[in-house]
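Please read the structure below before turning to the comments.
Each chain carries a letter (A, B, C and D) given by its place in the written order, and its residues are counted from 1.
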Amino acid sequence: MPNYNVGILGATGAVGQKFIRLLQNHPWFTIKALGASGRSAGKKYQEAANWVEDVAMPESVSGLIVRNCKSEEFHDVDFVFSGLDSSVATEIEADFAGTGIPVISNAKNYRTDPTVPLLVPEVNPDHIALIEKQKFSDDGKGWIVTNPNCVAIPLAMSLKPLHDRFGIDSVVLTSLQAISGAGYPGVPSLDILGNVIPLIGGEEPKIEAEPLKLLGELKDGVIEHADFPVQATATRVPVINGHLLSVTVKFKDAPSDFWEVKKAFQEWKSPIAGLDLPSAPEYPLHVHEDERYPQPRLHADSAKGMQTAIGRVRPANVMDAAYIAMAHNTVRGAAGGAILNAELLVKKEYISS
Amino acid sequence: MPNYNVGILGATGAVGQKFIRLLQNHPWFTIKALGASGRSAGKKYQEAANWVEDVAMPESVSGLIVRNCKSEEFHDVDFVFSGLDSSVATEIEADFAGTGIPVISNAKNYRTDPTVPLLVPEVNPDHIALIEKQKFSDDGKGWIVTNPNCVAIPLAMSLKPLHDRFGIDSVVLTSLQAISGAGYPGVPSLDILGNVIPLIGGEEPKIEAEPLKLLGELKDGVIEHADFPVQATATRVPVINGHLLSVTVKFKDAPSDFWEVKKAFQEWKSPIAGLDLPSAPEYPLHVHEDERYPQPRLHADSAKGMQTAIGRVRPANVMDAAYIAMAHNTVRGAAGGAILNAELLVKKEYISS
Amino acid sequence: MPNYNVGILGATGAVGQKFIRLLQNHPWFTIKALGASGRSAGKKYQEAANWVEDVAMPESVSGLIVRNCKSEEFHDVDFVFSGLDSSVATEIEADFAGTGIPVISNAKNYRTDPTVPLLVPEVNPDHIALIEKQKFSDDGKGWIVTNPNCVAIPLAMSLKPLHDRFGIDSVVLTSLQAISGAGYPGVPSLDILGNVIPLIGGEEPKIEAEPLKLLGELKDGVIEHADFPVQATATRVPVINGHLLSVTVKFKDAPSDFWEVKKAFQEWKSPIAGLDLPSAPEYPLHVHEDERYPQPRLHADSAKGMQTAIGRVRPANVMDAAYIAMAHNTVRGAAGGAILNAELLVKKEYISS
Amino acid sequence: MPNYNVGILGATGAVGQKFIRLLQNHPWFTIKALGASGRSAGKKYQEAANWVEDVAMPESVSGLIVRNCKSEEFHDVDFVFSGLDSSVATEIEADFAGTGIPVISNAKNYRTDPTVPLLVPEVNPDHIALIEKQKFSDDGKGWIVTNPNCVAIPLAMSLKPLHDRFGIDSVVLTSLQAISGAGYPGVPSLDILGNVIPLIGGEEPKIEAEPLKLLGELKDGVIEHADFPVQATATRVPVINGHLLSVTVKFKDAPSDFWEVKKAFQEWKSPIAGLDLPSAPEYPLHVHEDERYPQPRLHADSAKGMQTAIGRVRPANVMDAAYIAMAHNTVRGAAGGAILNAELLVKKEYISS
């Protein structure tokens, strides 16, 4: 496999730092360029960034000079990862795509654009064909692919096997979300130590909408969204990493034997299983038998943070089934998810070096 | 109001200690006798108990000699509070009731007995008439009244105004429960620090069943349980006090204007409002307008821990309405609830001094 | 006792909010005026402040219009409490004192001014005579009194009985400080959840210097500082309220019997014991016998947060004695300390209504 | 290097589990036998153990049948690791050593035995010669080597370079210790969440005594203990892993230039640097320049948990120097330390396969 030069937009922020950490020693991708705001541009990365990851800053990036997030400063990369803040992502990502630089984004800005794939490789790999509909650049060389919200990812991954077999009629969920989801400095400790905050601003609409695009069908170049309602309550809990979801679901075509539901999780095969993508976990879903599991502190790092853990699969008194889903919010749910997206796009030859 | 001499069964445990703390300076009740296991009996209370409350042990009890939990040792009390462990409560409570000593219990053992009121004064005060059906003692002088599980209490209190107006069709809830609910030593810190445990053993069946008895109707001396299904997922979070519930509810007769739901909470009148019970909060339900509230650390102690806080009342995509309910689990949800039960029973003259 | 009208400078900040909370229902002081930055001035307090206290904002202040922190807008108060940020306190406090309005400040700016008393009523009440040396206003009506750093207060309170009897030769201490000491938003949760930070910027110099002024002697209108060295390591721990100090001390004149050290704590009499100051705790020092105590979560609120708890008093292998001291950092160590200062100044007739 | 068959005594406890986790994939050692109490003996390990490590139980041990901790059941191993509880370690370890099976123990029972090496390979590797003085078995084939307490290890490692250059005169320290040090279930969450406990029973005497043996000199087959006093205050904080020490130290021969102290840490060479022991970190001491470091949550896992981190090296007002030391308490401070001991003993040919 050839090697690709990559840039990272928003490199000094929490998501950008996670990209850097996860790309260290990546077999295909080499970080060539780091972009941040004008305040950081021109400085060495180690001076510009307040590094918050719990491993040392890789030496390969500490000396890089931070650039402005302008496409003309990134001619030496094959594509960019975007960890940009949503307040600036719309223009900057369009600029890069417009000049022929593919953008693999974690920002929310283009997630609802009908021509932009909202991609989880294990859920909807076929949606990447949407790229061909994009008009960001005249020659089609530049495009944007996004990954979903950090709750929408494990939710969609866990719903996928059920939707395929039984059809989802409706979903009620409460999320218990880790503090790392709010970035840095993020949640003040006085707000969350020994406490729960029953609201995460702006989160619930994304949780309710994004799974419908992910589980939608691509027909004639258009995503037909899945049509079931999702009711979400998003809470913040004093956990470092790992969003836990308490999910109750009603099926269109419920199985007569509940055992079928558990089997649906266990027998599900990932559509990218044979592609040997470096960041793809061998088992994207892991079904725990121990009723006390999954737990964020114990299981968020499973399979290098790329696995969605399922537990407590059981019949429900209301609706049909209840279960717990949990995934690492800043790896599977953000930077790691975007890297897996890039790997799929390389494998499918949407990106060339 | 005359003064009543009370005994506490299970006085050395976490619930027993909370009874002692809350009864300190109670205007009607004086602690006369403390009962515990044979291991503690005969010792001074201050030597028998590993005091875990965060205020000093009241001097009025520290020198009391702990008794065995046998009715013949409690002739000098008007009634007893029971904070007994469920492994021994069945026999001991029957012994006390059988010899004419009323038992106001926090134990779960008799909650499902059709002749035993499962009582929350603001929800079903009329259920105390069930006492007359009890056969624990020949002369009817001894009887048992119980309070519900610590999640069932705020759940029932919050459902009551809705059930009265719209009829509850079904409920889905996820609880985020404080560690104090597991007693002492309870939850190991290695299990819960920076973590969530998605299971609390034995909790969900109680949450699913008890509200139906509480919201049931007393007809011809029999409780006709409410008939809606409740689906519960009970999780443990690193919070000291205060169980928070994320509730989604479907109505039998949903209002055309959602505003009616909020009004149902706000306009609801407690049936015991005029009785001047010392532990009754002026407002048993408090509806927060700030979407970030209620929070366990900020609001569990509101109204001396006896209030159920409501927040985020909003229409739901699935079912009809969603909201947050939160109450102090060891005050409103346990010892404080039992004390309020005793106050109602005194006022209604079921207890005499 | 007549009633005094007070103003609060820095009213929207964390310290200002604590002043408001503690002054609610104060028997002598009524909040008349709230001052904050130009951004807040002109707004109702409830709109200007992001209230973070865990009790509701008092109705008596919620409707007050916030003023600029300029002396000409505070003619209707008898004195002001200052919870100003140190970046602005120098000028503003001088302005108020200069126009005849006494300033009781929690800011650090004037603590080292040789004419400004650094005051803990139980430690150095005689230092208030320094006020007469001040030149802030021509007629001497305006002056400034400060309270020490939140670690220096319990440190000085605990050293006082020892210094009086044995003379302090040197002190080594490590502090474990609560997050509320950093204000709001203060410490990011990602930094402190399940963690310790072994540095609090700018804290150690204050801990090392302030006790020497507090334990100094007023001679001929000048404070002669105590002359022992203090070595401090200040760490941050995930605790809400209550700074805990691990102290090792060497005496100039060590007792032959260690029991004398414990007795020094127990027999110590507060010099303000007979003055009936509303915020003065009956026992400013409480010596715990249980070796597991004091603990911040259990004891920070003792005596309404105004007590310094002492524990584990024992001989030391190195130096002479070791002990634990702990006090509520935002009550005893900040706003509550300042209020007690004001009460003493009223009693001593430095403030008139 | 040949392969060694090892047994683990106390295999179901917290230390035993850590041994199993760390020995998984060890290049020299293969777990052959697991010993536990009679209650567990005869069961499969996966049924006997309540596994609490945050990685899955290795398949290589899950099916092993647990044995009694009797030497006659361990004929097939080359040596054993002991994670036994101190209540039973005295007899069991003597039994194994007596029948010729070397014991590498984490228990405290034989740490003070003058013939038993208390070993930290980077500090006192020469002490292993003491083994020849042991009389546990007639032929000398069985012996006992112990590792120190989890605070004594980083304390001794950090004192070693200073003692070698300047001579230690005295030490004052406060430890902030992680909850994993108390094993499982260990510290109740109600005791430690949002709190500090200023006492760890039995800990301080070990911290004060063990470094003196570690830094002692072996002369004529006898350890001459170092003779400086250590004053320790041991506190528990809500941290999962990593004991942090705030150390103040006085030298016998203080350098005129403080820079020498920092250089002593930086230039120190491990005496086992060239031995290629699999668990030995490349840098046993890491000196942080960032004053906010080390922090337990960020740095306990550095160098696979085997490194002692040093920070905030600075002159002290009292005594001579102050610094922070931190190490992973259950890896470097317990099971990992014992494994490193075993590796050294293999390399030095005290163990044969």
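Here is the rule we use: contacts are C-beta pairs under 8 Å (C-beta built on N, C-alpha and C of every residue); 3 or more make two chains touch, one makes a residue touch a chain.
Everything numeric here is computed off the predicted structure, so don't read it as measured data.
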item: For chain B and chain C, chains touching each; value: A, D
item: Far-end chain from chain B, centres as C-alpha averages; value: D
item: Whole-Å gap between the CA centroids of chain A and chain C; value: 48
item: Interchain centroid distance [CA atoms averaged], chain A/chain B, Å; value: 43
item: Centre distance in Å when chain A and chain D are each reduced to the mean of their C-alpha atoms; value: 41
item: Contacts with two or more other chains, residues of chain A listed in rising order; value: 193-194, 238, 240, 297-298
item: Touching residues on chain C, where the partner in the complex is chain A; value: 52, 179-180, 184-194, 238, 240
item: In the complex, chain C residues that touch chain B; value: 54, 193-194, 240, 297-299, 301
item: Chain D contact footprint on chain C (complex, rising order); value: 170-172, 174, 176, 193-199, 208, 229-231, 233, 235, 237-240, 244, 246, 248, 250, 291-298, 311-312, 316-319, 322, 324, 326
